[in-house]
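The following pair of complexes shares a single chain, chain A, combined with chain B in the former and chain C in the latter.
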Partner chain A sequence: MSVNNRDPLVVGGVIGDVLERFTRSIDLRVTYGQREVTNGLDIRPSQIINKPRVEIGGEDLRNFYTLVMVDPDVPSPSNPHLREYLHWLVTDIPATTGTNFGNEIVSYESPRPTSGIHRLVLVLFRQLGRQTVYEPGWRPQFNTREFAALYNLSLPVAAVYFNCQRDNGCGGRRT
Partner chain B sequence: MTQVTMEEVWKDINLASLHPHRQLNIDHEPVLSNQTPNKSIFQDFLNKPLNQEPPPSSSSTHHGSLLAPPATVISLNTHFIDTHFDESAMFGCFGKKRGQDSDDSRGDRRHNRMTKNRESAARSRARKQAYINELELEIVHLKKENARLKRQEEQLKMAEATQHQTKKILQRSWTSPF
Partner chain C sequence: MAAVPMATATPTDSMSRVWSMSSLKSSLPSAVTCRLPSPSSRRPVLISSPSPRLPSFSGLSPVNPLISTGLPGWQSFEDGFKIIDGGGRVYAMRHGRRVPKLNRPPDQRKALLRGLTTQLLKHGRIKTTRARASAMRKFVDKMITLAKDGSLHKRRQALGFIYEKQIVHALFAEVPDRYGERNGGYTRIIRTLPRRGDNAPMAYIELV
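Up next is the complex of A and B:
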């Protein structure tokens, strides 16, 4: 399944703002409670307080994967000068398993956008092997591309994104 | 085209929006006296650089009494720009720079807001389109899966039916000595 211009990741700007074009090759299922995350879904912060269940595909248990979760629209989509905010980082996830079996380098921090409608992107990379990943040290101004280059993760194998705005009041418009 | 400040261009636009039937006759702007004064103003407005240095002549008038320019303009734009001109009159007391800034920055701010609104609208459209595309992909995927599962079900039913037929007859599968 290759990426074309109608791909939700392209239309939603994830390809470009966060990632390069890539070809999906591994299944990625992200579920918050009962809701499975599909691209472009609108989810409120109250529904994503706890980390989601993440299940990945692949076939060979000897392959390990890294999951990154970022918000490229911080502090607001009209002025994202803190792009990207790192919400979660899990490495050494064996194929066919999930984040529970991996190494949580950066713990899940629930998104709480204050201004505007933010995109939350989950990206899956294949690791060359089991490797030591050092935690970035801070969450804002994370760069997924650079991170992937640093740890030789090459292009992503899967990605999904959803939209999130604050629970009450108008997240989409300033009063 | 003679040098026109941002403020004057905006005045024209505001006039047009407030009094749609009124003819706009600005002598020093031949472009604006056409049939569609609003459109040409808008395009010019968009193409103009944001931070225009006002021509020296107008700056000297701002120097002395700030009351003169605002007074003439207030007569044209009473309901809309009152408060802003009060601001500029106030700032005028502190020096020429402040007065100029509030005139320029008002136009700048509006231009800024327009740009931001345009971007926000574009993001909103992209959001909507991305979601729709995702749903369409899901539909295709689900239809395929549905067809596959139905085929599978048919095959299983047929297999079960034939098995059922053979099982009805009791047979010896092993022959024993007794």
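Up next is the complex of A and C:
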């Protein structure tokens, strides 16, 4: 499968900042309320207070997947020194089902960006088997690549990202 | 150069990143028009003229018995170029166009670009219209180049352009680490869905 430079994940900088280049092999559908998330969609924090409905594809119910939701632009895209804030971590999701069937290691925290437009990335990894994943001690300074290397998750199988900025404008100019 | 794909990413579509019109059209409701990330499409977008079967209105051409009978096949005299509302003409080429005017007088234009670069340097990523995003690239690159130099004179030049001085000082502090090795091209533009109110084509511009 050819992943040329038009791939939204490459253009949006997700591949590079958060992930390595990978080939998409599993279907991933994320829905907030009525809206389905497509790459680069603009969503306000008021619409993402509750966790989304995630449905994954695949065929074999014996395969398990891990879903990670991170924000690589904390605290602000111009200065992301807390890079990758972990919002949600669900493991042991059987194929063809959703996150309700998985093991929620890190509970969903609704993103509330203060400054700028943040990208929120949902990544799906394939697990080798049912494995215990320990929750990281803290949410900021999370590194998706290291996490995948630590639990032998290898390359992701699916990813989607969307944009989120604060509800009421940029907060005005403060001199 | 990818815009946002509006159809759901079904397994068949996702295996090849090349969008085909038929699969897209079949999955969309018929009334929706969307912007497709076709590799060949480039600004300006040419709006295809509607069916010439409509009789032309007399305001644009003199009254002619030939038109009033509504003979099919008669094209109006504007057929040589595409008409956008408001009298602006869109051509396929950019011959001789040096400066993007952004529909504003020069002082306002400069103020707009100063404000946009200030906001981009402050927030890191902003969403604006495509014309503004591509017009401001030059100024953002200029500011980062001034910061790369780092001398007092350049700092004062930057202070004369950017509206907030904390941003200038922060820029001069972090640019050598962040962009030390990169030569130019400090921004990235991602086209996105048009704005709802006036269907203006929008884009995200972000610091690389």
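Convention: the second predicted complex is superposed on the first by the 168 of 175 C-alpha atoms of A that agree within 3 Å, B and C clash if a C-alpha of one lies under 4 Å from a C-alpha of the other, contacts with A are read in each partner's own complex, and residues count from 1 in each chain.
One rule holds for everything that comes next: a residue touches a chain if its C-beta (ideal position, glycine included) is under 8 Å from a C-beta of that chain, and two chains touch if they have at least 3 such contacts.
All of these numbers come straight from a predicted model, not from anything done at the bench.
Taken together in the superposed arrangement on chain A, chain B and chain C clash. When the two complexes are superposed, the chain touching more residues of chain A, out of chain B and chain C, is C. Touch criterion met: A:Asn163 reaches chain B and chain C at once. Applying the stated contact rule after C-alpha superposition, one finds that A:Glu20 touches neither chain B nor chain C. When the shared chain is aligned, chain B and chain C each come close enough to touch A:Pro77.
Touch criterion not met for A:Glu135: it reaches neither chain B nor chain C. Shared-chain residue A:Leu41: touches chain B and chain C both. In the superposition on chain A, A:Pro8 contacts both chain B and chain C.
Looking at the shared chain after the overlay, A:Ser115 reaches chain C, while chain B stays out of its contact range. When both complexes are aligned on chain A by C-alpha atoms, chain A residues 6-8, 11-13, 38-41, 77-78, 117, 163 touch chain B in the first and chain C in the second. Contact residues on chain C toward chain A in their complex (touch as defined above): 1-6, 8-11, 14-17, 37, 39, 119, 121-127, 163-164, 166, 170, 174, 188, 190, 192-193, 204, 206-208.
Against chain B, the residues of chain A that register as touching in their complex are 6-9, 11-13, 38-41, 77-78, 117, 163, 172. Within the complex formed with chain C, the residues of chain A that make contact are 1-8, 11-13, 24, 27-29, 36, 38-42, 57, 73, 76-80, 115-117, 163, 165, 170, 173, 175. Within the complex, the chain B residues that touch chain A are 116, 119-120, 123-124, 126-127, 129-131, 133-135, 137-138.
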